[in-house]
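Below: one structure in structure tokens.
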Amino acid sequence: MNFEQNTKSQAYLIKLKEFMNAHVYPLESEILKTNQQLNETSDWHQWQVPHQIEELKVKAKEAGLWNLFLPDKDLAEGLTCLEYAPLAEETGRFMFAPEIFNCNAPDTGNMEVLYHFGNKQQKDQWLTPLLAGDIRSVFAMTEPDVASSDATNMEATIETSGSNLILNGKKWWTTGLGHPNVKIAIFMGLSNPENDKHNQHSMVLVPLDTKGVKIKRMLSAYGDFDAPYGHGEIEFNDVIVPKENLIMGLGKGFAIAQGRLGPGRIHHCMRAIGAAERSLELMIKRGLSRVAFGKPIIKLGGNLERVAKARMAIEQARLLTLHAAWKIDTLGVKAAMTEISSIKVVVPNMLQEVTDIAIQMFGGAGVGSDYPIASFNQMGRILRLADGPDEVHMGMVSRLELAKYK
Amino acid sequence: MNFEQNTKSQAYLIKLKEFMNAHVYPLESEILKTNQQLNETSDWHQWQVPHQIEELKVKAKEAGLWNLFLPDKDLAEGLTCLEYAPLAEETGRFMFAPEIFNCNAPDTGNMEVLYHFGNKQQKDQWLTPLLAGDIRSVFAMTEPDVASSDATNMEATIETSGSNLILNGKKWWTTGLGHPNVKIAIFMGLSNPENDKHNQHSMVLVPLDTKGVKIKRMLSAYGDFDAPYGHGEIEFNDVIVPKENLIMGLGKGFAIAQGRLGPGRIHHCMRAIGAAERSLELMIKRGLSRVAFGKPIIKLGGNLERVAKARMAIEQARLLTLHAAWKIDTLGVKAAMTEISSIKVVVPNMLQEVTDIAIQMFGGAGVGSDYPIASFNQMGRILRLADGPDEVHMGMVSRLELAKYK
Amino acid sequence: MNFEQNTKSQAYLIKLKEFMNAHVYPLESEILKTNQQLNETSDWHQWQVPHQIEELKVKAKEAGLWNLFLPDKDLAEGLTCLEYAPLAEETGRFMFAPEIFNCNAPDTGNMEVLYHFGNKQQKDQWLTPLLAGDIRSVFAMTEPDVASSDATNMEATIETSGSNLILNGKKWWTTGLGHPNVKIAIFMGLSNPENDKHNQHSMVLVPLDTKGVKIKRMLSAYGDFDAPYGHGEIEFNDVIVPKENLIMGLGKGFAIAQGRLGPGRIHHCMRAIGAAERSLELMIKRGLSRVAFGKPIIKLGGNLERVAKARMAIEQARLLTLHAAWKIDTLGVKAAMTEISSIKVVVPNMLQEVTDIAIQMFGGAGVGSDYPIASFNQMGRILRLADGPDEVHMGMVSRLELAKYK
Amino acid sequence: MNFEQNTKSQAYLIKLKEFMNAHVYPLESEILKTNQQLNETSDWHQWQVPHQIEELKVKAKEAGLWNLFLPDKDLAEGLTCLEYAPLAEETGRFMFAPEIFNCNAPDTGNMEVLYHFGNKQQKDQWLTPLLAGDIRSVFAMTEPDVASSDATNMEATIETSGSNLILNGKKWWTTGLGHPNVKIAIFMGLSNPENDKHNQHSMVLVPLDTKGVKIKRMLSAYGDFDAPYGHGEIEFNDVIVPKENLIMGLGKGFAIAQGRLGPGRIHHCMRAIGAAERSLELMIKRGLSRVAFGKPIIKLGGNLERVAKARMAIEQARLLTLHAAWKIDTLGVKAAMTEISSIKVVVPNMLQEVTDIAIQMFGGAGVGSDYPIASFNQMGRILRLADGPDEVHMGMVSRLELAKYK
């Protein structure tokens, strides 16, 4: 047992931190301000990406800090899930950082789907520009009219008609839909109701400019549209795409989703840990610099205990996630289901709690936009729902636990 | 001991509920939609109040459901704090309802200040139009540059110059500043640094169109500007007002603040309880209507336990608040400090927790704007900071507890 | 709405407090010491009640502080549930106090059963000596071999044979079984399996010296036998009693149990609140008197916040319980099921939490026997199981909550 | 980074598990019963160790499963802290197991003190028989009259008088004092008040049969004396020992205590994790085997969520502890202070919580003595106090956290 990252991972982390220090943090508040100016409307048609992001993307690519998430030596840096984990954490410290390194959700997950399950043509057409950071993508799974926590509830349909597929249905909380560069959706729907329940759905590539695709509205979370990314509601009305757009095969939707799961969970959990670390750091600095009742506020009442609780919670969450990453790398996703489900519950709850503490230490500034803490808090809250609510993942953990006794 | 409200309070509650059912709930989603259309910009200069609100205000006044919060028989209905409490709860069920009955914060608190501590001229000039619902007001206390949890930190200054007062300083999280009808601020500042620390500050009436008053920006909370109300940042640069604008006298700021405290806490806590009840109601209806894994989701996993926990938490919070109201009415604010501080901690935390549960039951819809739950959650969170953070109020409770043993 | 107890209740409380101050508290540590000396063995045959208890019983009877729990004007003081509540709280401050006033569980519940449902002969034979404090009783319900949280699981049987009833079965966690004066059990068993599931069981009076009744062992809780009271395991092997010992009628077991419920819950919850108040008091005194790191320990870290949390939790639990008592008095047990189930969950959890905080403040002394806090903590923990676990009562609360929407 | 234990540790774990399965678990209930029969009195003079323990000690020694905790290749197996960790976990699954392998507290810590800081004569006289399992030892540190959470409060004194040391003072919660084989105490007291506060205390070896040593009483925790081990109160009245009994030197008390800390924390935390695993296992088996309301109780309400929460909490606590062990092994105790303090807080709280859940699933049986869960729960609770309360260790964590920003 050895808790030290290997030299490869360490080297990338050093390089990434240098990049963040040199190029990203100094621009942080400027980017946020630019973003606020550009995107104050809820009309997503007008949303723009702050120009600094595109400039930093070029720099990141030059620095060899590009597509770090992809475990391929030719297309990327060939980092394992475990090697990439601390890098994901680092990018989680600033909301806009992942895109700079082409490592942002949901594109990473979508690229993985194409990488592992796409055919050559699909890769050429969509994976290549995604890896280049030229376009963005969405994953259309959750539906407004059914309890999507049970994915088998999905009602959107995929019908075969000659050499085409006809798609119908409503999707929402489709993340990234507001991005000006978004071009392609991976659409999941019911194609084979005659099969058993985990082989009824398929995934299909749908260019967003296809006829019948309609972005109905962008959704605010806690009143925030998260422009220029944002979650949207989208309708598919008799959308026709060629059969070539089917990924892997009919009825393979859940198999693909399963494969997409593991590493994606590591990524977003590590980013959440980065966000928690950042929040703790900001909270301590704030608490040391402000005085009330004759003392730095960090020393008042139970505040120091809260610092300790935050530290202990973060450490535990990180170790749990790194262990899950190691297990995915060494034994595969299937053997790591308890771990993958556990981090999905533990980490966002930890982030919600740590940021709640931090907000309390900041007072009003904590919920405002001058600091990233409110956004991180909201991210933690939403991650408790996204990709299945806590309860579904606890269900998985307990099911596997009980199975030990059969 | 008797847990039944008196007939007067019951009669008003029946009337209020009828009004809500007949006039308010049917317009709820329309008002929200109108508000979203009118106020999608963060530029507060353009904010408007949905026309339905003004129409409903007229109706409410006609129905004798106006200024219910004010314990004066001539100017209002003469309801005690305890009698008003269940009415405040009812208005808390819809974010826009309090204004309809001219019972919204911070105007209620400001009207109380003027009612109890204002002189005749001040009442004529400002209380009268506030009671009529013709103008709105703000309370400028919290400051960006100091830990305002310790109110004695306040740095804004009030200097006497002949027959005038000169005000300087920065304030923020000034609630209601974005409202198009807002006309007047109660400004609190340091006027008598030579006095002991609870007699150094004063309150002064400052019309917002006075020279030197500058609304710097509106502040978003969790990315939401809460238009057309909203919290703002405001600067006072050599603002000159006549001495007549001083409330009560120099150095009386904390004495006035103290008096303002008690009933205001009851009001916002009862509204928060109404918001929690509403959230629980919505959550149960949602949970009964959606199916996952073959069952209504309310029956899955620990969901029913969460319903019970919400019910038990709400009941306790309500009884605690009603008891505090009773104690204010019978023994006065000073004798009820433990109770007033306790509800300030208990109720917002309860609301945050109940709405968190509800959000989880709603999935994505829970954080969106189609339901009021995310707003209620945010309200709960912010109330944990507003008017002093939890920690300060727990400090008060423990201080009084220890005093029993001296 | 009025939160002041009526003068009758207040007068009894004053008298009771005077009695506690004059006669009970001064003997507290002596009684505990005597008890420890008398009852250090786990062999219940040798257990004795400290002589001071019997002496104090005489004094309490003389003072008119006897059977206060019983709402009968002739047999007792005719106090309502709500009037008795603060008295129960007062007795809860010392583990041995309730017996002094003949107000201890499970005798109070058993006396209520006999009072409400017993016939004249049963009352003469058993209620009279119980009311006199001459004998003690037990309630034999929980069974070792089935999940007793579902009372319909009960497997002990009651068969009719001519003019007799034949009882068979095993019971455990039968409280009070070790008491030297215990004479009679109320036995609950399956008598009418042909009925619907809430009319299958009956209650039968069984003198403990009946042939076939065998006390198998006393049970320790956390290693403590709680001598001379204690919980026991008991077997009924072909125990024959005359039909006259049947309470109310065959199949009436659950109806009686239901009636027994309400006031009993108020009693033990109020005692638990008294225990919590006592613990908080002791904790503050301890915290003020001991110094570490240069400060009274009560002022270290988050300790003052914990004082506030304890205060707020106790107040809420008390109001919830008083409200439940009021509802039982005014609307009856059936209308108060949500309240009765809620306090069953809220109060023991509160006691467990408050005493846990107190233990932490006391250090090692907190878990030892020099202070009552460890016993109170254990009582809180066990009350979360006794008379149905938390989960069953939350199930009741949520069921009634959902019923509002049908 | 590699989460797999090395082959040496794995091999010992296999051997240990085989031993536990073959020799320990089959005797578990017999040992408990024997112990209960032998030790039902609170008079510690009569306490005996169940004969099975001595028999198993012989077997364990033969099997090479002896003194596994000691990182010395000649005297023991030379296992590092990290290599020993999973073995400690395994022994934690049964309360009496650690003694069987001569790995029980406080002897392990005392042996470490002698091993690292004792001179040859001290080792010959005391370490040798302790390593042989022939005698037992205690550590006399905590005092009844001062807040011992601040160790510098210690009032017991060590005076030099010629070639002797004279000891005076009171100690309590001295664990293991009731053991029939206990022979030696390590006494800590104030010897050099003239020094700075971390160099004022010394440690001295005191045979328990020395004149002036008086065991005043054994202390019950939650009413349980934990015979034949137990915690005791002990007085030292002008106890005279030769200067040779001083460990390391005058004023070195805290330096020794510091060195004793790290590995000991790993040991007891890993045992606590074993206890938690055992409790979870027992709870699931119970929950699967009992039926209520038509279902195995494990599937009722929130029970499955509690299983998941227990699993997630245990995994996190284990990883945190293993990481701390690794850091001690690779960087030393001083560099691992955050980790060592964190596990001291996290693990006992986790054990308390997991066992509380398990107790609730077991009902009355959960608090009784037929299952080890109540003991484990009590252990968790006491570990939150022993060796410094949670709050002191959170203080350490936050202090180190703040130090990063100076």
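We just call them A, B, C and D in the order they show up, numbering each chain from 1.
Throughout what follows, contacts are C-beta pairs under 8 Å (C-beta built on N, C-alpha and C of every residue); 3 or more make two chains touch, one makes a residue touch a chain.
All figures in this text were calculated on a predicted structure; none of them were measured in a lab.
Undergrad: By mean C-alpha position, what chain is farthest away from chain B?
TA: D
Undergrad: If I rank A-C and B-C by number of C-beta contact pairs, which comes first?
TA: B-C
Undergrad: Between chain A and chain C, what's the gap in Å when you average each chain's C-alpha atoms?
TA: 53
Undergrad: Could you put a whole-Å number on the gap between the CA centroids of chain A and chain B?
TA: That pair's centroid distance is 36 Å.
Undergrad: Which integer distance in Å separates the CA centroid of chain B from that of chain C?
TA: 43
Undergrad: Do you know which chain D residues sit against two or more other chains?
TA: In chain D, 301-302, 304-305, 391, 394-395 touch at least two other chains.
Undergrad: Can the chain contact pattern be summarised as a line, a ring, a star, a complete graph, or none of these (other)?
TA: Graph shape, chains as nodes and touching pairs as edges: complete.
Undergrad: Would you mind writing out the residues of chain C in touch with chain B in their complex?
TA: That would be residues 1-6, 9, 82, 280-281, 284-285, 288, 298, 304-305, 307-309, 311-312, 315-317, 319-320, 322-323, 326-327, 338-339, 342, 345-346, 391, 393-395, 397-399, 401-402, 404-405 of chain C.
Undergrad: Could you please specify the touching residues of chain D with respect to chain B in the complex?
TA: Residues in contact with chain B: 301-302, 304-306.
Undergrad: Can you name the residues of chain B that touch chain A in the complex?
TA: Against chain A, chain B makes touches at 36, 40-43, 142, 144, 146-150, 153, 172-173, 219-226, 231, 290-293, 297, 300-303, 356, 359-360, 363-369, 374-375, 377-378, 381-382, 384-386, 389-391, 394-395.
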